[in-house]
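Below is the structure I would like to discuss, written out as structure tokens.
So that you can tell them apart, the chains are marked A, B, C, D, E and F in the order they are listed, and the count of residues begins at 1 in each.
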Amino acid sequence: MSHLIIAPILLPIFTALLIMLPPIHYSPMRRRWVSMVSTVILLILTVCLLVQTQHTGVSFYALGAWQPPFGIILVADIFSVSMVCLTSFLALGAICYGSAGEDERGSFFHPLFQFQLMGINGAFLTGDLFNLFVFFEVLLIASYGLLVHAGGKNKTKAAVHYVVLNLAGSAVFLFSLGILYGTLGTLNIADMAVQVAKLPPENVMLVKSGGLLLLIVFALKAAILPLQFWLPATYSAASPPVAALFAVMTKIGTYSLLRVYTTIFGEQAGPLAGMASDWLWPLGLATIMLGAIGVLASQDFRKLVANLVIISVGTLVTLVSLQSTAATSAILYYTVHSTMVCGALFLLADVIGAQRGKAGDRLVPGRRMGQPALLGTLFIVAAIAVAGLPPLSGFVGKLMILQAASSPLQQILLWSVILLSSLMVLIGLSRAGSILFWRVSGNEAGPERMLPLQTFALVWLLLAAPLMAVFAGPLTELTFAAADQIRDIQSSIAIILGDTTTFGGTP
Amino acid sequence: MQNWMEWAVAFFLLLGGCFVLIGSIGLSRMPDFFMRLHGPTKATTLGMGGILLGSIFYFSLSHSVSVHELLITIFLLITAPISAHMLIKTALHHQLKAIDRTRGERELKQGQQEGSGDPKKVLTAENKP
Amino acid sequence: MESLLAGCIGFLTACGVFLMLRGRTFPVVVGLTMLAYAVNLFLFSSGRLTLQGAAVLGTTDNYADPLPQALVLTAIVIGFAMTAYLVILAIRARADLGNDHVDGKLPETESSRKESR
Amino acid sequence: MTLLWILLLPLLGTLVPVLTANWRRSACATATAIPPAIALMLLFYHSSAIFAGESFRYTLGWIPLLGLDVSIRLDGLAFLFSLLILGIGLLIILYARYYLSEQDSMPRFYAYLMLFMTAMMGIVLSNNVLQLWLFWELTSISSFLLISFWWHKSEARRGARMALTVTGAGGLCLLAALLLLGQITGSYDLDVILASGAVIQQHAWYPLVLVLFLLGCFTKSAQFPFHFWLPNAMAAPTPVSAYLHSATMVKAGIFLLARFYPAMAGTDLWFLLVSMTGLTTLLVGAYLALFKHDLKGLLAYSTISHLGLITLLFGMGTDLAAVAGVFHIINHATFKASLFMAAGIIDHESGSRDMRKLNGLWHFMPITATLAMVAAAAMAGVPLLNGFLSKEMFFVETLQQHLLGSLSWIIPVLATVAGVFSVAYSTRFIHDVFFNGKPKGLTKTPHEPPRYMRMPVEVLVVLCILVGIAPGYIVGDLLHAASSSVLGGTVPEYSLAIWHGFNVALLMSVVALAGGALIYINRKHLFDFQNTLPGVDAINTFELAMKSLAKRCQQFYGRLDNGSLQRYLVFLLSAVVVLAGLPLLQLDTLFGGRPELPVDAVNATGAAMLLITAFATVVFHRQRVVALLMISVVGLMVSIAFTRFSAPDLALTQLSVEVVTIILLMLALFFLPHKTPKQSSPTRVIRDISLASMVGVVIGSISYAIMTRPFNTISDYFLANAKTGGGGTNVVNVILVDFRGFDTFGEIAVLGIASLGIFKLLTRIPVFKPSSDGEGRPWALERHPVLLATVSQSLLPLALMVSVFIFFRGHNLPGGGFIAGLVTAVALILQYIAHGVEWVKSRMNIEYQRVVAVGLMIALVTGVASWLFNKPFLTSWFDYFDIPLLGKIELASAIAFDAGVYVTVVGSTLLILASLGKMTTSHRPVHTESI
Amino acid sequence: MRVTPRYSWLPTPYRSLLLLLVWLLLNQSVELIHLFFGTILALIIPWISGKFRDPQPLIERPLLALRYILRVFGDIVTANAQVAILILGPQRRLNPAFVRMPLDLQHDLPITILASTVSMTPGTVSADVYPCHDTQPGDAEITQRWLLIHVLNLEDEAELIATIKSRYEAPLKEIFQC
Amino acid sequence: MLEQVIFLVFGMISLALLLNLWRLLVGPSIPDRILALDTMFINSIALIILYGLLMGSPLYFEAALLIAMLGFVSTVAVCKFLLRGDIIE
């Protein structure tokens, strides 16, 4: 049988352990090369998995050979595998950047990084709600470790908030799991969808409160208003490769929202169908606006990028609430685009900060940069992409988003919010760019230059923007296929649960 | 179950329960920390012994032989004095007051000084044995 | 019994939440620990209550639901790991920032006063 | 395919200057000019067919699912604009070669310029509105780069940002309009949209679409009140001004008006919005132009005015007006581009653009002066030049409209007024610069520019004259083809003759010329009057607006986010109350029908103790040690509850975890204050209490509701298969290591990662060791009480024995690797407590992180081993073996997995606690790494 | 007094025996398989944890040790009865006291056993053993150590000390031959 | 009869636990509280053993054993903390 589905989880943990043990452990060079090579292999494997999934359709991997709904399963559909692919793409950039020296500014960078990958991939692939909790915790604990990498007051301060909030979030997650298990009697997501469909009326409201608690959990992870305040401080404090990897973390929240609210509480869920949309729609729009305000309010570039992340999250959440194929397809495309670009921007912020000397990435006049042309080009590419201007990926993403709105009310609200926020982003970025690159004091550039690995990392991540635009045709085909697949709950359930979809407790 | 065995179980359980209770009564009603310590250290240990013996008898009769409760007893016998010792050391360190009629104030003072404060001072103190 | 346990869970939650809302790291840790107790009991209770029914085959004929127990076990361990991390982070924050306030800085009214050990 | 190349060549052209950056300047310029030159030739290749009324289309699939394809359409209008873009572009390349100084990066300039050219070509050639928008925004971006070419100048940066903001905003409006058009017509194909004029205009959204559409056009074409960005964009190098801000980009909005003319024009709303905007712009631009002392400023306002004129023409909605508009597009492009270039030459060769300094240049640069005067005359509408022709047509059209009913006469009057000012500023341009005495305070002596720098001007001026003299021959076909595509095939009768006889329009021209001269002569009074008016400094206003926007945003954000964790938590918890509580309100009754178990006294006692100690924890939370003692009772009671409700494994785990936690907290307290200061205000406390109670009530109610409801669960499967499928009788343990072993795998990973993170946190921590406890008592001197030390040594083997027992027992009875691991760890921690770090280290020098790794590796390898049997990860295996004398024993892969758990737990726990302990040892291990 | 074990493979025979007993108690079985594994563990665990054991006097007189244990058990029972009466009785009649007893024993293990015994038996709790190693400047050998005892109801200090010395300390000296 | 006895003993232990709780709450000193806690640990062993007895199940023995072992360690740790501040030094 093919074990490809689980490879994205096992390979990182294996690498992490390998790096912690002799003989790899002893030398920094070995640690970083093992980590990088492993990430490349991971990338290849995930791309293979994506190709395979495109051919085979939805498939699952029953851990311990215990068939669903009893055992834990990993589910590979185009959407989940695409997310895993995205993670490996992003990870390769981040790890290359980190291997240029950042990794040695603290202990266990590579193991924690790989553990983080394990957690992220697990969260994307799992088809079991409690297992999702476990992988959330894996990725969180790894992110706690990574967040304080290289030390510093800001990191510690941000970490306290981040950790406490996420611990509270985990508690809420468990409450919700308790409610859902206590009413549905199962943990498999597909099976939950089946159980929700035949829920006795007296349990409906209980399930609803459980389902809405999940909304809080994922909203916290995704950073949706009013639970997004932790994000700017945290992301801007984190070490650059870590922040770059974090770019995908919020997407796990939105991905989980999508999973839960299209599968468990999907069309088959009767009175509970689409129950989160009423909340997600206004909150998503408000999040976009708040992110845009944050972009204008930011006084350093990292904070600005963090607010861009918030905008992307708001956009995704709004799309989740739309519950349509076009919206789901837009989610996938936009997720990939915004993750890669925001990841690159975090790295870019670091390079810019380093080359500007004491001014760092604060939006004040500073020293002339060592490589203004290269960085400027990268900045413009990233800015155009993230602002949704043509001709890069952001433009395609924006088109998909705008086209996803179907009713007039949706169009008026979504379009005005998206377009207004685009304008604010444009203003914010042009201001930031003109200060960072043009308002230089003195003519002497500092000695800092990007290392080849750093340049590679940045180019690698930013290449996504033009490539995703050029190949937008096949990519949109892929995203629409993924959206169709994820929204075709009945087929997935039939594949996962076989013919036993009518079971009621005992096999 | 034979009747007398049942009586034995009941006896040990009651005995244990009584001593456990007495230990806690001592804990709650003695006037100073040092006196409160006696109840839990001794009475409770014996009370536990009683209950565990009762349990041994009970299970040995109703099921197969059950003697593993002995382990707990052994364990408590080993650890209870040490706990008490650590507690009283803490109390001495915290300079807890003994009730006024406690004899051996000099010994108490010395105990309080031992291990706390300046080591040289302790050694040169007049009350050094 | 169910109402009693539910009451306990609710009360533990409330106490945990209250402590979590304090401004210093240590009470927050204690609050989160308390909240974790509540969470564990809650998750456990989702399998309904059973007396004399430990899920060990052959010891009873009315087994308690073993699945929530396994889930709670996982949750306990994860909670322990998380709490441990937070505790150490609190130490680190105190060391780095000079106080043990969760925001890393003392509130206005207090900053003038010297922090008491 | 050649169509595609017309578009692709400029795009490829962006690379040429980059690749030839190291060549000589002329070579680089020549190379850069090659792609657009070829494109121009390709364009000419189509000219005869275009003039014959044909149009060409080419489509290349790109994103069909979004309705966005590379779709090219070359018709008369596109041909006209392509001609302007490529032709003038080539002249600009030549001009810029001489204009740019050695310090300027010419390749960068050319790259931006070619990018812009591509964008413009894309706009005019688009047959897909989304593609059109793509290029539309690309012009904004490339113009941003071009305006800010001299980024070290503050006004360049500001001007660029302003232009980007205004045109960007307009672009977004345009996008909305185009998407709506797509919605209305069902297609983003321009052909379809243009053919659906009736549908569009009758649609309910038409007003909205039109407004959004016009916002896009007007911002780009600098129509009042969005005109202010254009003068400030003059900070750009003059080639940019000549190209973007006279000939091409600002015409993009006009182009759009022309392009969508069949679909959008013809309604009253169109007339009202477009013509009134045009008229206002025409007047405002013409009036303000007169007062600009900066040559380029004058030209910029003049451009605004002329754009207003064209807009007004398109707004009038008659076919002839549209033709006049198209004609004026051509004329304005030629004379204005040449004027800008002339201004650039003057600036370049005299060092100033200030007309108060520039005087009498006629003596220094007669040829340039002649060229400029001809072009300026064309701008003024002097007969025999092209400007006169289109202006005459304009006047005629103003006379023939009846749009304002009885007030329609206002339009020609105002048009004449604008003409007057137009003549006045043109006169000023000529007289004030080339005559009017001697130069004042110039930094260098003006002289004629290099031969080839002047050539583009010459070409354009010649065109002005040729068109002015023989319009039919020169632009007749072109104008016809372009007008034809604007009007959708039906071109009205019009005459391009120079002389139409004496008519009102000619009178208007004469009035304009005479009035303009008059005004110029008496300009002093007008200047004085103008100086009394409050001046509006657009750029500073804009900057201030942007700054105040940023400040507002900061204030708003700061009000929401004060950086307080407590507030974030309040948000989170309120969300819990609302989201989980609201559905509960819709629940008829919490009780679900399942009978409750009876309560006995012992349980009541236990519950009471739980509640009391939980409450006491809250009450005593400021005395941290006491709170710790209280909460350990809570934990104890929870464990007892687990035993009571038939969950021995849980009780064991809870107990052992709790003890480790308490030890950890004790360790931590050494480094933290022992008391919490009182800090919360009473209102804060009340708020927290109410929030906490609400959360508690919600959670408690849900818990009760769940417990009293009957349910079906998958657990029966586990009970049924634990022994046969998992080989163990302790179902909980079998779930942990087998059914849901993957959870456990993740769980121990969490533990291991946490220990790594903690190790990371503790390295290089600035330690401070308090010398006394919270009450000020110095610490006791005895480090390792002898009794404790002795007994702990004896307890270790005992504890190890117990943990081995618990480990092996776990599969069938309560216990397992995790608990065994904790017991071992606690026993070892006792050694640390009783003997100290040094003592233990000298006896057991293991790096715990490696233990963690080994433990996880064991679990991983056990799981992967099932791959050998072609089974999924973590598939368990077990069997029973009969060993002589000893009897039957069971071997199971789950035991190996559990061993991994055991090792990980021991390693992690010790790593956590020992790392923390090590911090204070006098002989601190030196870490080479920071966290 | 002997500190080094007789057999290097069996450093602590009595402890191994105890461990075997513990294993059998845990498993509640004397089946061969448990005996087998118990023996293995009883040999391995002391070997593993051997490093965690500071050299201590070894038991030289096992029978005497057994007798000592039995005597202590008996005393515990009587002590508890006495203490129970004291606890339940009127507090006014109690005469608490701190008593300092010079120790003849010098080694940690016997002192620990003695102190524990004192704690478990009639009305006394060992409070402290001093001077401790840490308060001793340098590495000066401790020659005389003292046991501080809290007595719940002291009648005669000298008699108490004499009783402890004869009933517990002397047998311990015998058992460990120190 | 045995059942009544068991319940009686349950009552005694519950009472004992409440007395411990009383001492835990009122203190007055921290050693007092620790002592109360330690006693509570030991009394809960009795409680668990009794539960086992009542249910006729030996499954709870480990819990009792663990409380005995771990309760000791935590008491020692707290005392060490109060004595030295630093538990592991």
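The rule we apply is simple: contacts are C-beta pairs under 8 Å (C-beta built on N, C-alpha and C of every residue); 3 or more make two chains touch, one makes a residue touch a chain.
Every value quoted in this text rests on a predicted model; they were computed, and no experiment measured them.
A.B. asks: In terms of touching chains, how many steps apart are chain A and chain C, taking the shortest path?
C.D. replies: The fewest touching-chain steps linking chain A to chain C number 1.
A.B. asks: Could you tell me the least number of steps, going only between chains that touch, from chain E to chain F?
C.D. replies: Between chain E and chain F, the shortest chain-hopping route counts 2.
A.B. asks: Sort the other chains by how far their Cα centres are from that of chain F and give me the top one.
C.D. replies: D
A.B. asks: Contact counts by the stated rule: is the higher one at D-E or C-F?
C.D. replies: The greater number of contacts lies at D-E.
A.B. asks: CA centre of chain A versus CA centre of chain D: separation in Å?
C.D. replies: 17
A.B. asks: Need the CA-centroid distance for the pair chain A / chain F, whole Å please.
C.D. replies: Chain centres of chain A and chain F, defined by C-alpha means, are spaced 48 Å apart.
A.B. asks: Take the average of all CA coordinates in chain B, do the same for chain F, and state the distance between these two points in whole angstrom.
C.D. replies: Comparing mean C-alpha positions, chain F is 12 Å from chain B.
A.B. asks: Report the inter-centroid distance (CA atoms only) between chain A and chain E in whole Å.
C.D. replies: Between these chains, centre-to-centre, one finds 62 Å.
A.B. asks: For chain B, give me the residues that contact two or more of the other chains.
C.D. replies: 18, 23, 25, 37, 45, 66, 68, 71, 75, 78-82, 85-86, 88-89, 93-94, 114-115, 119, 122
A.B. asks: Where does chain A touch two or more other chains at once, residue-wise?
C.D. replies: Chain A, residues with two or more chain partners: 130, 134, 137, 141, 144, 148, 151, 160-161, 164, 168, 175, 178-179, 181-182, 187.
A.B. asks: List, in ascending order, every residue of chain D touching at least 2 other chains.
C.D. replies: Where chain D meets two or more other chains at a single residue, that happens at 563, 565, 569, 573, 628, 644, 648, 669, 699, 703, 706-707, 711, 713-715, 718, 739-740, 743, 747, 750, 753-754, 757, 761, 770, 779-783, 785, 787-788, 791, 794-795, 798, 802, 813-814, 916, 931.
A.B. asks: Sort out which chains touch which and give me every pair.
C.D. replies: Result of the pairwise touch check is A-C, A-D, B-D, B-E, B-F, C-D, C-F, D-E, D-F.
A.B. asks: What does chain F use to touch chain B in their complex?
C.D. replies: 1-2, 5-6, 8-9, 12-13, 15-17, 19-20, 22-23, 29-32, 34-36, 38-39, 42-43, 45-46, 49-50, 52-53, 56, 58, 61, 64-65, 68-69, 72, 75-76, 79-80, 82-83
A.B. asks: Could you please specify the touching residues of chain D with respect to chain B in the complex?
C.D. replies: 777-782, 785, 787-788, 791, 794-795, 798
A.B. asks: Chain D touches which residues of chain E in the complex?
C.D. replies: 15, 18-19, 22-23, 26-27, 31-33, 36, 41-42, 45-46, 48-49, 51-54, 56, 108-109, 111-112, 115-116, 126, 129, 132-135
A.B. asks: Help me check something: in the complex, which residues belonging to chain D touch chain F?
C.D. replies: 601-602, 605, 608-609, 612-613, 616, 625-626, 628-630, 632-633, 636, 639-640, 643-644, 648, 651-652, 655-656, 658-659, 662-663, 666-667, 669-670, 769-770, 773, 779-780, 782-783, 788, 795, 799, 802, 806, 809, 813-815, 819, 823, 826-827, 829-830, 832-834, 836-837, 913-914, 916-918, 920-921
A.B. asks: Write out the stretch or stretches of chain C touching chain D in their complex.
C.D. replies: Within the complex, chain C touches chain D at residues 1-15, 17-27, 29-30, 33-34, 37-38, 40-42, 44-58, 60, 63-67, 69-74, 76-85, 87-92, 94-96, 100, 102-103, 107, 109-110, 113, 115-117.
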